[in-house]
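One chain, subunit A, links the two complexes that follow: it is found with subunit B in the first and with subunit C in the second.
Right after this comes the complex of A and B.
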């Protein structure tokens, strides 16, 4: 039984239809990252589930039962927001206990302390929010979301307003913190690294629709379209407009006049341009005598977090970014050669942007990513 | 004439007087060679922007001198310094199109119309703003305005190019390629540039050398590689590098044959004494406690290593970031491949002595990097 299901949800504000028809099924205990640009509907999705808004049509179910007729506080949902939204006049303890007290329960001190201990804020429970660091505020908000032992936890970009270092630490720590709870988690983010790091699966949203719903591997290796390919990866995927050619040896594309085979490309419609996607780490500097080495000119070398990214130009004038782990030698400027792993090349339809499947590429990929 | 384009000599900047004064820049001396790209890097309030504004001529120096291309400039008005600028707040002229804004910078160059037009289109193509050349600044996005302002600065002939957070507002998909193109453009023409940024990714990508500032004081001025390999103190060591350096307190023990750094009971990094020079050993053994640092990329998994327990393993497409419990401390490892590790999995990690940075726990000064003294 799925932990959360949205069935054909429609929501409009006046003439503005945000969700024409949205469906999503999340497994019990699964962590799903909702990823997309601002304005794509991520936050509205959480609000519909939380009961802050009602859908115009469709149904929302938890553990197989519709929750639409339940009041927000009866849905078994915990929420944390990017601006923390702590009550400024209450101590951290009272903030955490507030969902319980709202139900008329006397706040069970032990339970609040236990959760605070897990989140390492037990030493600041008597502090008011203004006396807490941003990291502590964020943990207090998370503790408040978890204290009612929700079946579903909605996290709306909770790391947005903390500094880069803390954000990184929390990204590493969050899965461990959540492990103690049995909740299904929806995690909204605009940061693809957070989505890949925290989501068992990622729902990529764009303009009120879910463009792709899959594991980080599926999204990264088999993006549904060119836009998704561009959103995942740093540096961004190289995109070239090229026309695949067919000859007796199979189908290939040309880079600097050198033929690069397209495995499984026999079924491709030839005679028209495709968008070819090459992630920077799929390209590598090679010696000139390596078969199918592609001559290029290195224009600039830009180090990036223990990787080195080189901007190179092919003899046809195409720019490509090539990345490699720092410490591996390569020419810093001037003439050089690069090689392509054809199994990891991506092709997209130039008009729709949809990915064109290369059958053999999938099996090749399986072997090269261990 | 020296080969330095810019010399900043014993410069102070003090805002206000008396007890309310703020000492924003303290005794700053640095030289920028002709054709060099230098980044001023630090968090807000570190003094980098005050430095930039003194070089540009928007702020007076409280003490010291600044020379550019062999001329003293610290008392000259901005327009007479021959410095090209792309600044926040040094904005585009609203009544002019993007094209005219950029071309305006060429006015003094006395070029023919076709030459001007060719240069404007060239820089616009490089910065991906060719299709908005005929629009007005008010009708384009912040990122586009930033690129137009960068184009207006780079197209000029100047002794120095000052770029303030030049790519902060760009969409991430454009950043990597624009960094490469801008660096190529600057290097190909032998231009001298200073960029001010709080973003170390940008500084590392573009700069030949980075000046790390904190509290108005220049902490270290070095190449990106040297900043990573030989940080002068714990501040630069932990400030530069993404993800940040792992840092632990450790007790030192040793004799003629062994040297051990103990993080907690049962968690010791043990080295043969000759993994470190005699001088390093002497410095370390003088102290009971030291702070040891190791970069996430330098932590290796190996059977002989110290036990650690995986708490999280996160794959980001091109790298795997692993968090592990290491004697009660958080240890971060980064690997360039796809690594599949389960939560709770036992691993062993080792740190090669040449990847070890050791700092004095009192002042944070570096004692050693690898086997040699800092």
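Right after this comes the complex of A and C.
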């Protein structure tokens, strides 16, 4: 049975339709990251589930039962807000204890201390929210969401308002923490790294619809469209407008006049351009004598801690980003050669942006897009 | 951060001094008058130095005014009690009615909501005399004339718009997410209202309550028309000092001092809330 299910949910504010028709099914105990640009309706989605707003049409079910007729206080949900939403006139302790006292638990002390200890805020429990640092506020909000051991946990971009160092720490710590709770988790984020780190599956939202729902690997290696490919990955994917050519050896594209074969590209409609996606790590510097080495000119080099990104230009003027682990040798400027792993090349329809599946290439990775 | 030149500082102090004298001198003079006899007050030129007398206060508190044409009964202390009772009850009633109304206006969009809110505000624009005549006829008809309940009801015209409009702003300043979070924690709507919304808007509620208390206390014309001597507050009661034997300035001054005291005490006590409440947003962080 699914832990949470949204069936054809529709929501509009006046003439502005945020969700035309949204469906989502999340397994019990699964952690799902809701990823999307700001304004795509991620937060509204959580608010519909929490009962702050009601959908205009459709149904929302928890454990197979509709929760639409339940008030927010009866849904058994824990939620952490992006702006923390702590009660300013209560101590951190009372903030965390709030879900327990609401359910008539008169002696919540031990439980609150336990969860505060897990989140390392047990030393500031007597403080008022305004005396807490942003990181402590965020942990207090998280503790409040978790303390009632809800069946469903909604986390609305909880790391948005904390500094980079803390965000990095929490990105490592949160999955471990959440594993200790038997809760279905929806985690809203705008940071693809957070989505990849925290979600068993990622739902990529765009303009009120879920464009793709899959594991982080699926999203990364088989993005449903060019927009998702661009959103996931740093540095961003190289996108080139190229026309596949067909000859006796199969279908290929040309980079600096060198043919790069497209395995399984026989089904491609020839004679029209398509968008070729090359992730920077798919490209690598090679020696000139390697077969199918593509001659390029290195224009610039940017070291990014654990990796180095080079900007190169092909002889026909295409600019490409090439990423390699830091410390590996490569020419810093001037002429060089790069190689492409054809199996990891992505093709997109130039007009719709949808990915064009290359059968053979896909099956080597396994799985399928949804 | 201090960019003011010495000249500016001096000018500012002088200006502040002028303003203080402008506002406080009449009060100072009234206080002086309250310790003088009528003869001393009417002396020309007036003197700042005199031998003070407590006879004015004695007359007010004992309720007996000795004039040249005989003794006169004074109901000043009863008037003072009326003022206190009417203002306090009016503010309490207005708070009970106005705070939930302010919350509704702040949080919910409903049909005619803005119109109702504006109508409430527009009551403050209307000159009281405009409504007094029909109101007194109406009150005579339904037996509310010269009753505390009737006066408290009419005082709502003063208190309710103030409370609704000031407190509404405070509720709007509270992030709705704080209330949402409390609901999701498992609390009912009413618990959320009483334990989150009201405590967070408390500075605003205190300021609005204090202001409407002062406005109610200072009201004159409603009680003059709708109440008899028995129900009249100090503002109306002060008229009793205009007697056949002349105007008793000393008693008037003493009455003013006594009637200022409660509001002054309240304002001093609530000053912290008032400044915080009227200048700052209620919730930060």
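Keep in mind that, in the parts below, the second predicted complex is superposed on the first by the 358 of 370 C-alpha atoms of A that agree within 3 Å, B and C clash if a C-alpha of one lies under 4 Å from a C-alpha of the other, contacts with A are read in each partner's own complex, and residues count from 1 in each chain.
Here is the rule we go by: a contact is a pair of C-beta atoms (placed from the backbone, for glycine too) under 8 Å apart; a residue touches a chain by one contact, two chains touch by 3 or more.
From a predicted model like this one, the values you see are computed outputs, not experimental measurements.
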So, after the overlay on subunit A, do subunit B and subunit C clash or fit? They fit
Per residue count on subunit A, the busier partner among subunit B and subunit C is B
Notebook entry, point to check: Taking the superposition as given, does A:85 touch the first partner, subunit B, the second, subunit C, both, or neither?
Noted result: second
### Query
Which partner does A:168 contact after superposing on A: first (subunit B), second (subunit C), both, neither?
first
Message: Applying the document's definition of touch, where does A:188 land relative to subunit B and subunit C: first, second, both, or neither?
response: neither
Query raised in the report: Touching A:73, do we find subunit B (first), subunit C (second), both, or neither?
Result: second
A:40 in the overlay: touching subunit B, subunit C, both, or neither? Say first, second, both or neither.
neither
Touched partner set for A:148, first subunit B, second subunit C, both or neither: second
Overlay on A puts the nearest Cα atoms of subunit B and subunit C apart, in Å, by 9
In the complex, the residues of subunit A that touch subunit C are 47, 50-52, 71-75, 77-79, 81, 83, 85-89, 98-99, 102-103, 129-130, 144, 148
As the complex stands, subunit C meets subunit A at residues 175, 177-178, 180-189, 191, 196, 199-200, 283-285
Interface with subunit A, subunit B side, in the complex: residues 172-177, 179-181, 183-184, 187, 201, 204-206, 224, 242-244, 295, 297, 311-312, 314-319, 321, 323, 330, 332, 334, 336, 338, 343
Seen from subunit A, its contact residues with subunit B in the complex are 165, 168-169, 171-173, 175-176, 179, 193, 196-198, 216-217, 220, 230-236, 279-281, 299-307, 309-311, 319, 321, 323, 325-326, 333, 369-370
